[in-house]
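The data blocks that follow each hold one structure.
Shared between the two complexes below is chain A, which has chain B as its partner in the first and chain C in the second.
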Partner chain A sequence: MSKPLEVLLLDDEPIVGRRLKPALDKIGCRVEVFEDPREAVARIDQKEFDIVVTDIRMEGMDGLQVFAHVQKKWPRTKVIMITGYAKIDLAREAMGKGVFDFIAKPFRPDDLRQIIANAAEELGSPIYNSSMSKEPVEA
Partner chain B sequence: MPIIIISADVREIEESIAQKVADEMGYNLMNRRILADIAAKHQIDPGRLNEIMGTTPSLFKKMSARQWRRNLACVEAEVLDHLLAGNIVCQGLAAHLYVTGISHVMNVRILSGNSRCIKDIVEKKGLSLQKAEKCRAAELQHRKKWSLAAYVCDETDLSRYDLVINLDQIDPVEAVKTITGAAEYRKFQVMTYSMKCLADLALAAKVNAKLLDSMPSIKVQARDGSVVVITKALNRQKRKKIATIKELASTVDGVSYVEVHVKNNILAS
Partner chain C sequence: MNILKKMKKIGHKESEIRDFCIQTIRFKKFLENARALLDLFEDGREKALGEYIFDRHYVVTLIDSVVERLGMMVYDACVLLPESGEALYATYDTHKRTAENLIDFSGFVKKNISSGDVTPETSKTVEPEYQLLSEVLQWFNGKDAPLHSTVMAFMKQIFSKVVQGQGPNEIIKNRPLFENCCGKIPDMGIYLIDLWDDGVALPGGKSSIHDFNSIPLNHLLIDTGARSVPNGADWVAAVGEYQLSLNSLRADFQFRLVTLASGDADADFIFVFADNAAILDTLLPPGFHIENSGYGQFAWNLGISEKTIEDSLMIIGRNLFN
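Showing the complex of A and B:
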């Protein structure tokens, strides 16, 4: 069996981590969940994750700052932005800076699983995404 | 890959640049040739469909505002549906006025340059310089009026566009290079969010076209298959109208839920 995909999931809404972690576990990801961006950044300093999934609007540090930190420390890591405040300007800014993908809340866990699968493919560690769910993750 | 929408103040320039950009990028070019298919699909006279892209409703042309709006809605729905495939350069279908808020759609405006246009008019129509200037001003005013009537937006407002190129300063070859270069920017690449926005816009347009078949004055929004329709009706007709809208909208592919908000039509009561 191939090495599990290391994923860091950061959202200041605890429900997001609670709902998404099991959904990502199912496709063979090893997920660490954080609600505080500073704690997440401290963990990123210690460990290279394959994928970082981060909210954009958070207290203390926003998702774009987290992305800049990841990019500087681990350029290979794919960063996926999730937000309840999606707008064309923000989406273009994030993509322009180099995030892997951008998704608006609410979304289905399967939407994120598909993005994770695409990122894994690009990282050269493809995963099989067979589980489907229609359950939305609220903002 | 991104979608490039090209519009210009002179049709020939728009067509020529769009064709060159599509060739350069290996994209499909979507232009007014698609109108014949749309006309056949929606049982509209093809000549009439061509005509509405540049004229406003008029009693003299036997085109009511309702017919005009419905025909435009059919064009919009079909164009958006085609755009979902991506890798498209779109021109001549007024898409710059209704394909908005999609991050992987690059809206390009070409300014043909006043002096060049007036010179062309003088040469082609044999008019004096003064008359050619008047002719050009009238044409620009007409286009502005059409865009406002059709989509409540002013196509001459340059802040609407992602890229504006003035052919008085940049020659057409350089313009094509500039457009294809800008289309490579990461910010114009497809992302999950932008694809969903485009799919929502396409679904709303399909429902709008369907409903305009049988009722005027509606507004449609869509998200992930859920559709919200806003309309007006007399109090006593509200229930019937809601039922009709729900029935019609549900027949559109991709619609999973319909919500109808009816405002009281004070003018009709």
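Showing the complex of A and C:
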């Protein structure tokens, strides 16, 4: 049995973690949820995650700073940005700097699952997403 | 032969004709703002079905967008009907206060959940963001909302005022002007007026009648054939290549059709008003949303493909003119 995908999910809006965690658990991810970016960064210092999903706009520390921290500490980790519609340009700019992908709120859990599946494929650990397909999700 | 080739357009040398065009263009802007509001309602309804993940920021942005668009619609209505400005802005202010209260209430709910004042059952079963969105949808067009308190009820009120204010007397008042400019009974019994895209800037060059094309008018008339109109014209149509505003000139039959047929489904629409109760049920093809009001019937079809808009206009044209 393949190792579960380790995912850190960071959004200061509690609803995002509450609703996304079960959706990602279903596709075999092991998810740790954070609302405070400083706590998330402290956890990132301790553990290498396969994927970090982070909101861009947060109090104290924004998603781009989190991304820079991850990139420095764990270059293999894929970072996915969650953004509000107004910040899409910022997210596109971040992709040019190495962010794997971004998703704009509001979104469906399946939309994020597809991006995570693409990231997993690129990491060499394809996941099975039964809600979308019986086959490994293609990048 | 293209049926439009036979028709003659009235230019806009006369200042009254220009005023008529400006009013027509403003009415189209008014409809575009109404359409944007309906799209916002639909977006909120879609998100509330439970499949989407959204945060408070989304709901607050939705509320702000509705307030902004409603303000634009009220502004357009006041340009069209200045005497109604005070009453409309008073109601608009009430809606702005409702919006502010909704946003404040969301803060209240969030605060109380995080401090543990709300029962675990409540916080488990209804996310505060979903609760807020549900209340916002009630404000938009809720069946349980108090009568006349919804945004939709206000929109209908504005529509009625504008359509009544630009009613038969207003349009018919212009009949001598059209007759003078046209100089004879117009083809198909329709006075045809050149319209331009932008209400602020007049067209630069002289428009050529020979190059005349109005896609929506062409579709409206394509299936009607030539008509004999011995008693004069009953219609005035303000046209551009992609737009048409058709108005009845009869005192006993108030009818108005406005459409944009640019080929962009996200922008195109058909709006119809008729004062004759229930006529739209038989006049329009399926797919229209029809609202009855004390003053008449309003109907619209939004987000429609090029083919649907063509077919719809052909059917309406047949039913109107044959």
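Keep this in mind: the second predicted complex is superposed on the first by the 127 of 139 C-alpha atoms of A that agree within 3 Å, B and C clash if a C-alpha of one lies under 4 Å from a C-alpha of the other, contacts with A are read in each partner's own complex, and residues count from 1 in each chain.
Throughout what follows, a residue touches a chain if its C-beta (ideal position, glycine included) is under 8 Å from a C-beta of that chain, and two chains touch if they have at least 3 such contacts.
Because the structure is a prediction, the values reported are computed rather than measured.
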> Put the two structures on top of each other at chain A: do chain B and chain C fit, or clash?
Replying inline: clash
> Is A:G96 in contact with chain B, with chain C, with both, or with neither (first, second, both, neither)?
Replying inline: first
> Touching A:A42 in the superposition: chain B (first), chain C (second), both, neither?
Replying inline: neither
> Given the superposition on chain A, at which of 58-66, 94-102, 148-156 or 166-174 does chain B overlap chain C?
Replying inline: 58-66
> Which parts of chain A are touched by chain B and by chain C alike?
Replying inline: 107
> Which of the residues in chain C come into contact with chain A in the complex?
Replying inline: 47, 51-58, 61, 127-129
> Taking the complex as given, what residues does chain A use to touch chain B?
Replying inline: 86, 88, 91-93, 95-98, 101-104, 107, 111, 114-115
> Inside the complex, what are the residues of chain B that reach chain A?
Replying inline: 101-103, 185-189, 191-194, 196-197
> Within the complex, which stretch of chain A touches chain C?
Replying inline: 11, 13, 15-16, 18-20, 84-85, 105-109, 112
